[in-house]
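Comments concern the structure below.
Order as written gives the chain letters A, B, C and D; numbering starts at 1 within each chain.
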Amino acid sequence: MMKRIAVFTSGGDSPGMNAHIRAVVRYALHKDIEVFGIIGGYNGMIKGELIPLGRRETANIISLGGTILRTSRSMEFMTEEGRAKAAENLKISQIDGVVACGGDGTFRGAHLLWLEHEINIVGTPGTIDNDLFGTDYTIGYDTAINTCAEAIDRIRDTAGSHGRVFIIEVMGRHAGFIAMDVGISCGAEFIAVPETVTDLDILNERISQQGEHKRTIVIVGEGDEMGNASTIAQIMKERYNIDAKVTILGHIQRGGSPTVRDRVLASRLGVAAVDALINGVTDKFVGEINHEIAYTPLEDAYSKKKLLPQYIIDLSELLV
Amino acid sequence: MMKRIAVFTSGGDSPGMNAHIRAVVRYALHKDIEVFGIIGGYNGMIKGELIPLGRRETANIISLGGTILRTSRSMEFMTEEGRAKAAENLKISQIDGVVACGGDGTFRGAHLLWLEHEINIVGTPGTIDNDLFGTDYTIGYDTAINTCAEAIDRIRDTAGSHGRVFIIEVMGRHAGFIAMDVGISCGAEFIAVPETVTDLDILNERISQQGEHKRTIVIVGEGDEMGNASTIAQIMKERYNIDAKVTILGHIQRGGSPTVRDRVLASRLGVAAVDALINGVTDKFVGEINHEIAYTPLEDAYSKKKLLPQYIIDLSELLV
Amino acid sequence: MMKRIAVFTSGGDSPGMNAHIRAVVRYALHKDIEVFGIIGGYNGMIKGELIPLGRRETANIISLGGTILRTSRSMEFMTEEGRAKAAENLKISQIDGVVACGGDGTFRGAHLLWLEHEINIVGTPGTIDNDLFGTDYTIGYDTAINTCAEAIDRIRDTAGSHGRVFIIEVMGRHAGFIAMDVGISCGAEFIAVPETVTDLDILNERISQQGEHKRTIVIVGEGDEMGNASTIAQIMKERYNIDAKVTILGHIQRGGSPTVRDRVLASRLGVAAVDALINGVTDKFVGEINHEIAYTPLEDAYSKKKLLPQYIIDLSELLV
Amino acid sequence: MMKRIAVFTSGGDSPGMNAHIRAVVRYALHKDIEVFGIIGGYNGMIKGELIPLGRRETANIISLGGTILRTSRSMEFMTEEGRAKAAENLKISQIDGVVACGGDGTFRGAHLLWLEHEINIVGTPGTIDNDLFGTDYTIGYDTAINTCAEAIDRIRDTAGSHGRVFIIEVMGRHAGFIAMDVGISCGAEFIAVPETVTDLDILNERISQQGEHKRTIVIVGEGDEMGNASTIAQIMKERYNIDAKVTILGHIQRGGSPTVRDRVLASRLGVAAVDALINGVTDKFVGEINHEIAYTPLEDAYSKKKLLPQYIIDLSELLV
């Protein structure tokens, strides 16, 4: 039986993590379960930095970006000793179950905690990259794509005024979700993502089609096989004598007040994660597929590749 | 075979209509189909106000709120003569198929055009209310809920500073989608929607639980059975001696640059609507269900009731 | 000599109050002065609700709307007994000087505290209305006008799509600053403010000039002599048979993250207020005129009328 | 007498240029003066690309970023032949006066047009950098600083969650206005601008003061003598072993819907520029100083250095 659970955030922060923490806390209290927050992800677990969380600690955080529990990437947790220390701390604090909000690295660790120390643990998708198998959307993705689109709409003003080619790099690690959704919604002339072949001849053609006033927006997802935005700009110069301005949106993509979808998803998955622990679920990733809560083995969540939907790839070509 | 199609927007305007028009035009051109825009909805159809639409007319509109084709509610189209005139105009202009973007009133008209005059016509969901059977989301809904949430986050600043009760009315006609998603995402203490019983005793209790500093946010969807925000405020005063401030968000909910989800949905459904016409589909509503394109008879789209998902109703109670 | 000062916010809250509190605290600490915050304005002063404020309490608040010290309108402080109790509490807590952030009601009270009890006190302009004599801008004004403009830009989308007349009411009490700046920047066809004669014949003419598609934006400042937005809409209907939609922007105008100008002004005036107290200034309002810090007797600040600049009135006519 | 004037935008685009064009056109029409727009700055002047501008062409542009007249940097105009051709075109088109909206390069050109060809011309401040002598603010500056602050508020979420040092580069050319206002309003721990000595020992101390959780925001203005953000990050690593993340805000700073202040300033200066031409003013820069319209010789506007106000420099130190 669950009497006391812990929640933490890990990996890159994403908007909606606070809404998620709030939901875990409020719903758990509703079920007469105590909640502790672990500070700074796996590092805090190793150091035993747990703080009690109640309604007061989670008041007014639903609209805040970042995570009040902080986050980090832990080297020590990658060692067996680190994980043993972490598990020990959880046991000392009489934690019956853990909600781990993060990305694939987070889930690898969570899986090992279960495997090696039988810690009841479920993962929830806290990453802007949307690259987790077992959920349609991750917490923070919707905010990130809107932040990007707003930034790029600004750049389009300048691109249109000057008749320039802009190559804009967005996040996404090895997945093109952000680049695709953002590129389509900003009417980009060209979108380069890891999942598809990036043919710069086609880009060159499209720039030519723009006529003398060559206002062109190119979106490049991190991890594209042709390289990052700067590399592509260089190739465009060398190969086609095209001058392009490069903008790397960078860390503005991680922050900001979460959108409604991110707040609702974060809230729903917070409730679902606590329900899962109550129902004896462990070693599972709790996501949302086709509007239903779905459990996926943690191993699958980090090892299986989530594919870009075909309709998105099609859209990126059909509306240019 | 489709050689020439028309597109129009009708009913209340919603953000993403322009992105939708752009997608219809660009994809149709891609398929060697000419596109005309009908100005001002069914009124323009009756008056024969059609203009050719090309890449130039739809450049740079993907990020604009409102609709470049304008919209209206037409009394004349509700008469047989009106519809006959409209159909006549479409035939004179050699329009082979029509994309009708709007809400249930729009679809009623579209269905009659097909029934009475065999005009090939498909409907697409252009309304902020999300109340159309046959699609998970409507074009404009995502933008509207984010506009609401942003406005309410502002009011929360004041509510918190003054320790006040705020009753905020949002749109939605007879459906509580907007109120629910917005209420959950703003951490509202109480959400009143037409689909559930609104018990003001519970609201009174929750205000009391806030303690001396009674900062409380109440979201009321239009169409709630207890009445609108002002009525509820009056009852709270008379029955419980609670002073509450009323804010009616009003028409700010309809405008603004569309969110990424609305732009992508609008784009996708624009392509799907043209594809439907090409494939001989008519008298159908083109929506998106579980990420797939779905056709629904126009009659069902306006006569069947789309239900609030149970999980949303649950969330609205569990996190208070 | 100042060893310990207090700061409070009073009247309607305004964005930037938190940035102001932060500046008072940080600069005072810099000068080795302790700072206390009074909770809930004059009410808290009467009840003796003072809390120590340091760097930690004011960390990360520069971007937050509302006021962490809360605010209220106090009836009790309007009595001599109330003020005596308040002064007593300040003396017990050994407060050497007070920074009072608010509007004219706040300054009336502050002036009496000085007059009746020789409390060293300076006022700073915390109101969105910009209606205080002795400063070019008030803290919160810039945020409020941008919030309004953003909301009205959304309504313009709908007004343009439907060809409708919109009458939009903004705040400002007896002053037309908000209405004027917002109306000019939204390209309003008509702006009604208390300072000028509101001639609805002219409004009617301008609506006619818009042609058949009568998209018209009318901005009405609270306190206009023709009445509020609803009254004007009613007159337009009765007298000219014009249908108009009414929107009252309401409390969204008070909240939100402050703009850069509001944060910088709030910061600068926080430093200036502490400097004033250190220099033995009391019973003065600390504002900014032509980019310089200016002291004005508190009595003047609330009794003298700040005029709308003529160029603003001219602009509102010349660009229609 | 002015019967026909021209307006153009030149140099980097800035938000509010469209509001400015609109004001020039509307006010000129009001004074029975015809207006032509020159496309693409001095390049368009050389090519004779003038288009008539009326109410219709400038409808609904007040809220748009960028410039409908486009802009460019012209090499050819730097030659005597180029300027002669440009002047010839203006004379052929019977242009009696010109409004040149841009920055110092624009004014250099305008001054030469007057000097060499007696073209009546006045300059208006269209640049985000705020670095023009003869005006308190430039058109676009207010929007740019708010865009920056919003972006940096997002990064602060991440910085706080991870406990990281962020070095963020903003625009401003050789002037620190943007960096200072933005840095102060985001509560930056350190602000590096060309106008002050950048001492990285102090930065290092401030990072240390943040304790173990070293969340630190550093704002670097372009043109700082220590180099750009990447250089400073490298020095911090080499000299103090501090790891810092670098973000270059880039071109998002130029675009976006203008703020109220920018729209009002742009409108006012549009009227003032036309008035200046009507009154026979030429070879002058039309700015706003202490809320009054001020004329400055074009030569001074580009050759004299506008200083950072001392209070801004002080604020950047006092609130850290």
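Going forward, a contact is a pair of C-beta atoms (placed from the backbone, for glycine too) under 8 Å apart; a residue touches a chain by one contact, two chains touch by 3 or more.
In this text the structure is predicted, and so the values were computed from the model without any measurement.
Trainee: Can you tell me which chain lies farthest from chain A, using the average of the Cα atoms as each chain's centre?
Mentor: Farthest by centroid: C.
Trainee: For chain A and chain D, let me know how many angstrom lie between their CA-based centres, rounded off.
Mentor: 36
Trainee: What's the distance between the Cα centroids of chain A and chain C, rounded to whole Å?
Mentor: Going by mean C-alpha positions, chain A sits 40 Å from chain C.
Trainee: Note the residues in chain A that touch 2 or more other chains, in rising order.
Mentor: Each of 153, 156, 160 in chain A touches at least two other chains.
Trainee: Counting only chain pairs that touch, give me the topology of the graph as line, ring, star, complete or other.
Mentor: ring
Trainee: Quick one: which chain pairs are touching?
Mentor: Contacting pairs: A-B, A-D, B-C, C-D.
Trainee: Where on chain C does chain D make contact in their complex?
Mentor: Residues in contact with chain D: 19, 22-23, 26-27, 30, 60, 62-63, 136, 142, 145-146, 148-150, 153, 156, 160, 181-182, 184-187, 257-261, 263-264, 267-268, 271, 290-291, 293, 309, 311-312, 314-315, 318-320.
Trainee: Note which residues of chain A are touching chain D in the complex, please.
Mentor: 9, 12-13, 15, 17, 40, 64-67, 70-72, 147, 151, 153-158, 160-163, 166, 213, 245, 247-256
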